[in-house]
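In the two assemblies presented below, chain A is common to both, partnered first by chain B and then by chain C.
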Partner chain A sequence: MIRRPLRPLARILEARAKGENPDAIERENRRLRHEEMRDRARVRAEGRLLVLGLTFFCAFSVIGVRMGMLAASEPSEPRAQASGASIIASRADIVDRHGRLLATNMSTHSLYAHPRQMIEPARAARELAAIFPDLKEADLARRFADPDRKFMWVRKKLSPEQMQAVHDIGEPGLLFGPREMRLYPNGALAAHVLGGASFGREGVHSAEVIGTAGIEKFLDEELRDPAREGAPLELSLDLTVQSAAEQVLEAGMTLLNAKGAASVLMDVRTGEVISIVSLPDFDPNDRPNPLVEGNASDSPLFNRAVQGVYELGSTFKIFAAVQAMDLGLVNPQTVIDTRPPMKVGGHRIGEFDNHNYGEIPVETVIVKSSNRGTGKLALAIGPTRQQAFLKSLGFFEATPLEIVEARGGAPLLPERWTDLSAVTISYGHGISTSPLHLAAGYAAIANDGIAVRPTLLKQRGPQAGERVMSERAALAAQVMLRKVVTEGTASFGEVPGYHVGGKTGTADKPKERGGGYYTDKVIATFAALFPAHDPRYVLVVTLDEPVETSGTKPRRTAGWTAVPVAAEMISRIAPLLGLRPDHRSAAPEALIEASR
Partner chain B sequence: MTEMVYGAAPVRDGEPILPKWWRTVDKWTLSCILMLFGIGILLGLAASPPLAERNGLAPFHYVTRQAFFGGLAIVTMLLTSMMNPQVVRRLALLGFLGAFVALALLPIFGTDFGKGAVRWYSLGFASLQPSEFLKPTFVIAAAWLMAASQEISGPPGRIYSFVLAIAIVLMLAMQPDFGQAALVLFGWGVMWFVGGAPMLLLIGLAMLVIAGGVLAYNSSEHFARRIDGFLNPEVDPTTQLGYATNAIREGGFFGVGVGEGQVKWSLPDAHTDFIIAVAAEEYGLIMVLAIILLYAMIVVRSLIRLMRERDPFIRLAGTGLACMFGVQAMINMGVAVRLLPAKGMTLPFVSYGGSSLIAGGIAVGMLLAFTRTRPQGEIGDILRGRLR
Partner chain C sequence: MRTFLFLLTAIAVIASGYWVYHENYRTHAELDRVDDLRRDIGAARERLAILRAEWAYLNRPDRLRDLADLNYPRLGLLPLRPDQFGRVDQVAYPALPDPLEISQPVDISSHGALGQ
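Moving on, here comes the complex of A and B:
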């Protein structure tokens, strides 16, 4: 037990000595000590209570001031504006290379309903069904009557007339929400490039417009970036050229009964795609749904110029010739023996219509389009060097074009690149690429040997690409391509004044289920460059299953199908591109002769 | 004469109860509370019809209930305020025992009304939230223990009260009801502070609170989302907070007019946690400032009156009650103006809620009982020459 000390000890001892009871003294002492403690505690508590009181006063004042600030802040239309801010609805316009509008935004309204605020739901349903024939009255009435439904969308976009008609119903439960909607004023023009847009996150007061395909999807974030401050996206396309190209291609497709067609026009120095067409096309304002069955490549959404990979046939021959010349294996006059038989890896290499061209120079191999001739060149080059060359021209991967579909256009290459592969690839079989790949390859020849990557964005100057062949070889190849038009298979390609050069390609279509090729279905391609003495543009025209029936038997070769279409197209677009017709017959041949 | 001889006439040994009460009670605080109650009914008229409509009841169903419970609360408050502190303490301690047991038994007998937290007992005609009653009675119990520890050779009451507080906080956190838990902890902390807590320990406690907050943030999804919502400067306008902010803006200085407000239609908690937004929208800043002034008046005035109090128990209990009351109001309004993270807390005496009203009545009644004017040994001070 702990003993409590006796306090105050002196007085207690004194009291004990006198024989008095010391308890009273001790109690008195305890009382006094207690009093004193309480006084001390009170003084301390007084201070702390004051602090507490002041703290509370300040805190309440802060809340009051804050309330005041909130109440004094802009009494704007708060909910509408605030909820709009969370969804960024603005989207940059898209324009062509001269600033002409390709895609823009239009403000419209959406229609939604608050069924609980409706006064006459049945009448509202009836009148809505009358305004929008695709809405069912019974369906609307059922949904308006559903007691659990507080909110429902009726239409995502309204025309002003429809809006007025809905307004005239006078139903307070039918409400309009502002909308920005994407508009493509040119309709189907450049549809495959633009793609389309739809609504993303939707609120009553605004909705996000997001790209669903094409460049709208590829550059979606950039287009929606508020930091653009409304600056339009400038494409390399030229609206008028695009329009002319589409018209000509469409007419050609109809005349030649083709099931599809594509064309690519590219600036050879900058890589800018001036026009790119794929037919059949669609209207991006009302984008069709993707096919749920059948072959996706039959859908109008399919971009044949970029996504479609085909064996493009003899158009590839010039690559074998230009590489052989670049490597110094041959010159245009080197004689090649194209006489049969020629067997590679157990396969016989034949010619079109079983021709026998005899012993001809390289130039004539191209002009006459001899399979055996380029096959010999390919064997001389060898598979390894051929692969490296084609890879440097971009034939080994999907084109880097700024549309989402471009990634889908990966070339089909042989698994093992044998001597036989090298020979067939030299005349465009065994390798499937898109027309855009071919255009980029031809652009490298046309710009005297610099690889370019195709782009849809307006460029400020020529691309500083890698040199993939010598200027001399490229110039020689240009001469050969010109001769294909002047004296070879592409004689219909001549456009007076514009010096077209190019190479035809007619490839039998492979059967879908494998096992050989169709004999009556071809992909006809003409890859052209113009003007041939100083090429500025490359044009690739591809027709799917064309047939020309004016003669005694149907003609399907590119010379009869793709070439005339391309010639017509060049005669229309060359003036639009600002090229002057040159009738003085500037002969590149002479130039080459001089430089030898 | 006969009466004098036989002593038949009742001889009062003191003043009659009512006059004494009227003479000593803090009439300012009393008027403030009555005004708050009136405002509560007024705002209930504005805020609760949409809820009644949603639940398929008569438009003023909740107002009637509010008036009924409010009347009950006022009677309770008046009766409580007439008792002397000793009686208050005894009854409150009994009440504390009852509420504590009720809280402990919640996981077994309680119901969550589908709101995800077991906080209520369903009594059929009404529901009871034991934590509402536990808060004021806990303050009394803790004050009693702390005051006892200040006696010479008294028990270690501070430790006991702390253990009690922690036990309650843990039980509340398990429900989960972090708001009430924080309130209980805060009430204890304030009493400890006024009861003479060492400064070093106070700093330590502050750190503990921060650590606890971080822990809760990391472990509770619910809690973390609310804090994130607070730290994000953008108010999502589709949240309750967004609506509340817009309502305050909409109201401006003088409000949009009685019955013209829109926010009560969109806020599910318009009649409880966000009633201040309804007030701000319909009656404007004027009303909000009046409400703030009333709360500040009650708290600050009570604290100032308690400064003169000699009795440590009364001082501590009064401080705890006043501060808890004030902080609850502050948190509620602070959330609406985004000074504090979103936390569901009712506005005492104004928000709708039976338990909260009656418990509020008891708490304020006790506060009034403690702040009544009583002799503080002034004569003794004068005699000992310590007059200040």
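Moving on, here comes the complex of A and C:
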């Protein structure tokens, strides 16, 4: 760079010749140079400021534009890192314990109309009415012609054939939306457990499928949870067993002219309900509407096994006996005086057909089903201890089964638990419970004294329940129940090879309007456990108003009605459960005793 | 030298720009492929669900029971009963083979023998 000298020789010499001070020239030049430097620095600084300002402006503009874009655009899933499972967002399937399908989803279409976009509303209405016989042409035409209507649903679900037919109309105002519907491929099988489903909030592009009853409603949140990623809900039910049980029970109900029937089969160790039937039943694909008048229990929607609370009669006697043995008050051979008269609180306690069994041991009280015998045991136990025992078996609250209807099956208990209540409850009157309650109570006896909670969900292992009675008392009760079948009231319950034990119960139905009991309407129950020497399953069969008419006079006792049905059921379902018949012992009691 | 460096830098910028564009287009193509695959998986799942529902529908116990009844003359199918379980003593064991008669001496060698 060329710098101008501060003291240019020519000017200095010239100044000296004129007698001027040459330093003034230097100062002047220095000043000029400084001004020049200052101007340059300013330009440079201004340039830098400009660049900096531009950079900041650009940076903030980019951020602002990006924020604006994010705010204004449709949100979309990050495409690169989502896993493949994110596709499954539909309601989970329901399968049985072996993975067989009980409920699943089907994709189908819904049909809606935009009347304003319609070219020929009248023709569309006519053709739609031809495709769907339940739609009225005049009604559709009126709605299509309504000027205020921009949108209307025509059908919620279409079959592919119907969809093609609607498509062929060629009307641009008729539009399809995708729909997912719930399908129960087995029809009425396990209808009361599954319940049913319907649409919740509906949009054009999709609709919520929500459970309306049964386990679909109870576990609605879980079934809809996308975090399941399509994992099916495994129930404890066994499809084949359920189907066989329904078939046998239906045949028995028809044969015995019963109004309704229920059965519960429970695994005594895990508490799993393998099959639960209530008849009459319904098709959950086309769930009927609840009754608006009359008795709710007449509707096929009513679940007799869970919601129906009945006085289950003599099946309760074993609870008095087992508690008395557990408390050490008696042993199976202690003799009880069952001779009349017996009066409690001013009421006379009678026997079936006015029998008099005399002085008999506790075992025979159960085998012969003596009311006075169990009544005396109940008096010895006392109302307080009886209440505590029945409470520990779950008879005081609704069963914890995983269906919404279970909450409606709260037992009916006496308001004041007097001595008389204790006596009547010991033979199953004055307390109304559901068949499932009874099954859970018998499961505690069959599980050697450990209570189990009935459940519809598949379990991984035995339940760690609370011990409610000693093992010794439970084993003695199992022997008694076996004897009821071999030599007592349930002789038709014998299934060769399966060593069935159980107790019958026949209770007169109370009149709906109060005022005593019907004499010709009964609830016949058989509560069974098998195989008796090592109980694995508990089966409760209840028939509502059965009557057996093969004899000279109609027979209504459980021994003639519920027991043969239960025996047939056990011979059908025990092989399906994988139980081998055991024909080794001619005298099963000896086997029971020997296996202790 | 300086010119060469400038040239080199410019070429590097162009090359990296080209590479970035190239990778960007490839990534987008892959993402589109992933979307297609995902759609295919969704469709396959839907088809699978329908097939499973149909399988369950065709195998519903009512239908199988009716079919077994209809074809009883040909198939003779009955529900499983306890008496259909066999016992071990019902199994016909094959007759015991005759005891070996070793009358002729045989040469034994260790050729091909495995261990002891």
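Here, the second predicted complex is superposed on the first by the 496 of 596 C-alpha atoms of A that agree within 3 Å, B and C clash if a C-alpha of one lies under 4 Å from a C-alpha of the other, contacts with A are read in each partner's own complex, and residues count from 1 in each chain.
In the analysis below, a contact is a pair of C-beta atoms (placed from the backbone, for glycine too) under 8 Å apart; a residue touches a chain by one contact, two chains touch by 3 or more.
The shown structure was predicted, so the numbers you read here are calculated from the model rather than taken from an experiment.
Chemist: Looking at A:68, would you say it contacts chain B, chain C, both, or neither? Reply first, second, both or neither.
Modeler: A:68 contacts chain B only, not chain C.
Chemist: Would you check which partner chain A:580 touches, where first means chain B only, second means chain C only, and both and neither mean what they say?
Modeler: A:580 contacts chain C only, not chain B.
Chemist: Please work out whether A:263 is in contact with chain B alone, chain C alone, both, or neither, and reply first, second, both or neither.
Modeler: A:263 sits against neither chain B nor chain C.
Chemist: Contacts for A:108 in the overlay, against chain B (first) and chain C (second): which applies, first, second, both or neither?
Modeler: Neither partner.
Chemist: First (chain B), second (chain C), both or neither: which does A:48 touch?
Modeler: first
Chemist: For chain A, which residues belong to both interfaces, chain B and chain C?
Modeler: In chain A, residues 79 are touched by chain B and also by chain C.
Chemist: Flag every residue of chain A that touches chain B in the complex, lowest number first.
Modeler: Counting only chain A, the residues touching chain B are 4, 30, 33-34, 37-38, 41-42, 44-46, 48-50, 52-53, 56-57, 59-64, 66-68, 70-76, 78-79, 82-83, 86.
Chemist: Give the list of chain A residues in touch with chain C in this complex.
Modeler: Residue list for chain A touching chain C: 79-80, 84, 87-88, 100-101, 104-107, 183, 185-187, 189, 239-240, 243-244, 247, 495-498, 571-572, 574-576, 580-581, 583.
Chemist: Under the stated contact criterion, what part of chain B meets chain A in this complex?
Modeler: 150-153, 190, 193-196, 234-238, 242-243, 245-246, 248-253, 280, 284-285, 288-289, 292-293, 295-296, 299-300, 303-304, 306-307, 309-310, 312, 315, 319, 323, 326, 330, 333-334, 337, 339
Chemist: Going by the contact rule at the top, pick out the chain C residues touching chain A in the complex.
Modeler: 31, 34-35, 38, 41-42, 45-46, 49-50, 52-57, 59-62, 65, 79-85, 87
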